[in-house]
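Here's a structure for you.
Each chain gets a letter, A, B, C, D, E and F, in the order it is written, and its residues are counted from 1.
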């Protein structure tokens, strides 16, 4: 199933995902088994080391979703490791220039297109001997657009050969624009940035991706985003804990009041 | 703060808790920081080894809740290890007879009351030199009542010196009663069992505890339960994932239909 | 796929397996992906803790084989944990009497047949809500016959309701019989023991299982064994290392001699 | 080197050891490299899981000391696992009767003397094919004497065939005797217990072992103890931290006062 | 408590710390509970991965000290991860130029001052929603001065906006100066370097920090250092082991001699 | 024993090694105990984190082979960490220019030759106080030659002071040359590249190393390679699994056919 996500994206499908910050395979397996099209292991702001990330990729494979990894930095060592582990997409933070994007592509793809080194130990167990031949066609290269510099050259970044999608983190983008962190829909600077990124991607023939929520997903789809993260595990879990506790307290208070 | 839970229980307070099946300190820290009075690390049905359980206890301490541990079996080795790790209460499954309960007390308490061995390495770092002297007064001993045998001698079990509370897992209790797993409120056998356990505990001067949800917590409090788990992490997280995905899908469908 | 192994065994199929002593999911995933019908995680003589065993079960699930676990001892705590982790069969060492076997069955099966406690957290993620209803029919209960005591009551052990197969470890069996550890085929005591175990199992309607090698598998199948482990990871890996090194050394020596 | 400790003990040597509560191989490697004859991994009151304990045993082997393990309980599963991991001695807590001691011996030794199961996966890598033949002669079986019951039958316990040494934990022994935890030398009950244990051991031809400190080691040797732990890692580290901090504070205060 | 260290440093307080090379939370918790103002997790020369470092930060938080991290290299990926984990200060090795220092500041602080990306998952659990607003004021940015190049531009490095303290490792500094590794007090080159660094820091309004010992701490304070590490765990533990063993051996020898 | 490998290489010995991709100390210990001169822990394409790599180095030390590490990238942070962990050689991928090679040397060696920072915590436990003085003479610096750029300046790379050997990965080299991944002996471009690398190394007074197999090792030795990896763990294990399974299946089929 892993190989299909890029094709579905190319066909224009909206693909719903979940974002893992919590280290460990159980939460990743729960998300992958829940029906999300893709699950991302976040090694930038999430709390997992490489070995845990690899276990999470196995759990995502097992649950039937496509594993994607956000690496902590645009650095070829960690990118190669996560691809060898089975990631079918790489999200890289803080891509600021077309040159950054080109180096990201180089790290993600095998020669002659890129410079990825051969050694797909674990992913070769999963996908067999055919992995090498198909990898460049199946791996998704996804730079983040989250700074003013990146925004100003977003058209050139999107046009770098090998780039498959541009990812927007509304919080970092907002901060870069001088806005408070959050989804600043309605604020002109935010809306303009979102529109510009989507247009740049469309013109370059690539897709867009965004960190979001279930409620906001339809809005984001309407703006052109195709890879839409609808849940981030740690904050979602925190909200659930608060809600459940609140429910209990409210009920107990009412009971006392009624008594 | 850790030392107060037993005192508050003795005073009759209702104490809301959360139940950890997911291995790892982050989810435990989130729960403990959310305001629950106690957080339980479940080594019976949860997925953590001892070292992970210890990290979770640290995270619970840090978040300001009282750590409790359910051990996989009424076995002195693991009970001693979890107390040394800092658990302030031990829940033991499958206690069937007063004799089982007496052996549980023995494993949880220092001589001359019990036979717990001295070596509070980690909890001594947390609580200092005074730990040994106060431990027997602060540790809570909590057998589970979940079989027909246990139910039939629940009054004797509750009366075993050193028992602090009886814990009910509605699912296993239901299965034992020949009912489908779940909260079978309204079914006479279930209601009678719950009532009998609460009455037995009250008569013996000990408390009752129950695995529950936020919505059901007030009902359980009304039945006499004082330690009420209002959230179990893995199923709560699963529900949240399904809900958020459903929200996204519903919105996307509506958008398509409207268009 | 996991659910089918017991049915295939009941139908009389010979099912080839691999035996994991090396801790870690990669070797387990390699084995499961190689085409073995089942892969066993050995927590008695293997080197993995529970959390690693759980990762190995995920890797075995992912590779398409059925995960079985040998527990270190016939103890309900660890048996329940491994079943909750997704093991579809439990091998228990040192079963000596029908009573031991009955306690093993009790620990492996849900009420009313057994006393397994409900809480299939991880296996519920894999198999969904239907797990509980089907578990008793799908889990395989497999005592080891490896002592003189066990051999002397093997007919009664095989007849204990709920026993699915008897497992023979030729090394421990040989030691028990006063023979050197190994496959002592041809030695009357060994052959008689093997024959008696297979006959006892057949009479009781259960199967037999054996630790073996690829070369010996057909012989064992001819003796009536159905679950045949054809490779144990650590010794197989050791042999491969020695062979490869020997090949290099021989070639280098020859080259020097030829020169 | 590992095989020699038991022989040296039989010859009457005093053998100095260190006691590991801190999980992880680095502190164990430091201790083993410091010149201790043996280093013990404490799985009863220490904070390590099995996999960590195995890493510690490798580090102790590497440092040139003999690895011994205290198991959390007299339970054959964990005893077998630690011996397979390379422990050359097993210390078992809470041995109360000759029967307990006999079961401990059974778990530690291969047939025909005991019932240890064959599968020395890791220790076989270290010691090679000869391990099985020599194991019963090299493994040390060491029950703890720490309760009144044990003390009252210490002569019978010492006489159980296969027992190599009796270990005294002064803290638990003191508590059992109604004394405050500690080295209660000079208190008649304590001195009498120590003397009785040493005499019982001597009469039975076995040795004695004790948890102690560098300063007290000569006294303990004088009482007949041969295996003397002179340092326990966690408390020793705590004292060092306090001393170093105190030194700094005192110097800073003096400097201020002088100024 | 974590937020106060920088303020106390700004007020001129001498703040005593401890330095962790040993991986694992127990030793870190012991140090933090011993009364040190800050405890540093050393990911350059220490032996811990990110996940272990995170557990150590939790243990330091719990013990009441302020967690600081030395990263292995001035690389934004790992710096961001450690800040998200809860580090309140970042020590970066091998800062050679003001430009290096400026990039370090950029990685440590949020926009508009720096370029740190937003995602304080774990530290947000600890510090709540206010973390983002206060982070730039509370995080300490601490370059190491340990090469001739750095020394030659130390005044410019100290003056880079956002630098809070300069850290001196006497061993590496000595090697850079052509001296043997160690505290080379009295050697003119060493003393001059120390004086120059302290003066440069003072002139720029920032503090100085140093790796030291309890005994030397008052001297270092007299030289102007404010953050003084008085204990490094691994060498301190090694010394304690040697001393305790020596004490035992000396006593045993004396006893023999006396006899 | 660890220190001798470089000397033996300088003397012209052919040194047989094994290559670890599988994370975990057991397989590494098996390889080191099998008689290989060196065992490499591959952090580029292998599946281990730093802490696991450190455990593997201990196991390799214990088995009597020399530990070498391939780092994921030519980055001083990870290089220093692995040397501190005890690696006696560093293999760095994707060295393309003499400048890359010079930076690699700088990261591997202490001043005044290089810029490695002092802090040999774990390796100091193994090798004692003399480690620092001898390290530059014992550590091997081994760039990989695997791109066209590297090949074109291989003579200059080999001549960079401090370079000890050039390593060839036939798979990546083949891809760089436009050949299918594999040992392309007989293909002119491949043979020419191999010859050029060996000649360049010889002229510069350094050695060559290669990833290979037992069967091919004599050929590689004949071409001038001295460090020859004769086994890579994961693919070797995979082949063994397939062979053993095939053997069983073939035997079973034959038996059926014969019957």
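Just so we're on the same page, a residue touches a chain if its C-beta (ideal position, glycine included) is under 8 Å from a C-beta of that chain, and two chains touch if they have at least 3 such contacts.
Since the model is a prediction, treat every value here as computed from it, not as a measurement.
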item	value
Neighbouring chains common to subunit C and subunit D, by label	B, F
Approximate Å spacing (C-alpha centroids) for the pair subunit E, subunit F	34
Contacts with 2+ other chains: residues of subunit D	21, 23, 26, 30, 47, 49, 54, 75, 78, 121-122, 125, 234, 238
In contact (per the touch rule at the top): chain pairs	A-B, A-C, A-E, A-F, B-C, B-D, B-E, C-D, C-F, D-E, D-F, E-F
Complex interface listing, subunit A residues touching subunit C	25-26, 29-30, 33, 55, 58-59, 61-63, 121-122, 125-126
Subunit C to subunit F touching residues, read off their complex	14, 16, 18, 21-24, 26-27, 30-31, 34-36, 47, 213-215, 217-218, 221-222, 228, 230-231, 233-234, 236-249, 251-252, 254-255
Contact footprint of subunit F on subunit A as seen in their complex	49-51, 54, 75-78, 80-81, 84-85, 110-112, 115, 117-122, 125, 132
Complex contacts: residues of subunit D adjacent to subunit B	21, 23, 42, 44-49, 52, 71-73, 75, 78, 93-94, 146-147, 169, 171-172, 175-176, 178, 181, 234, 238
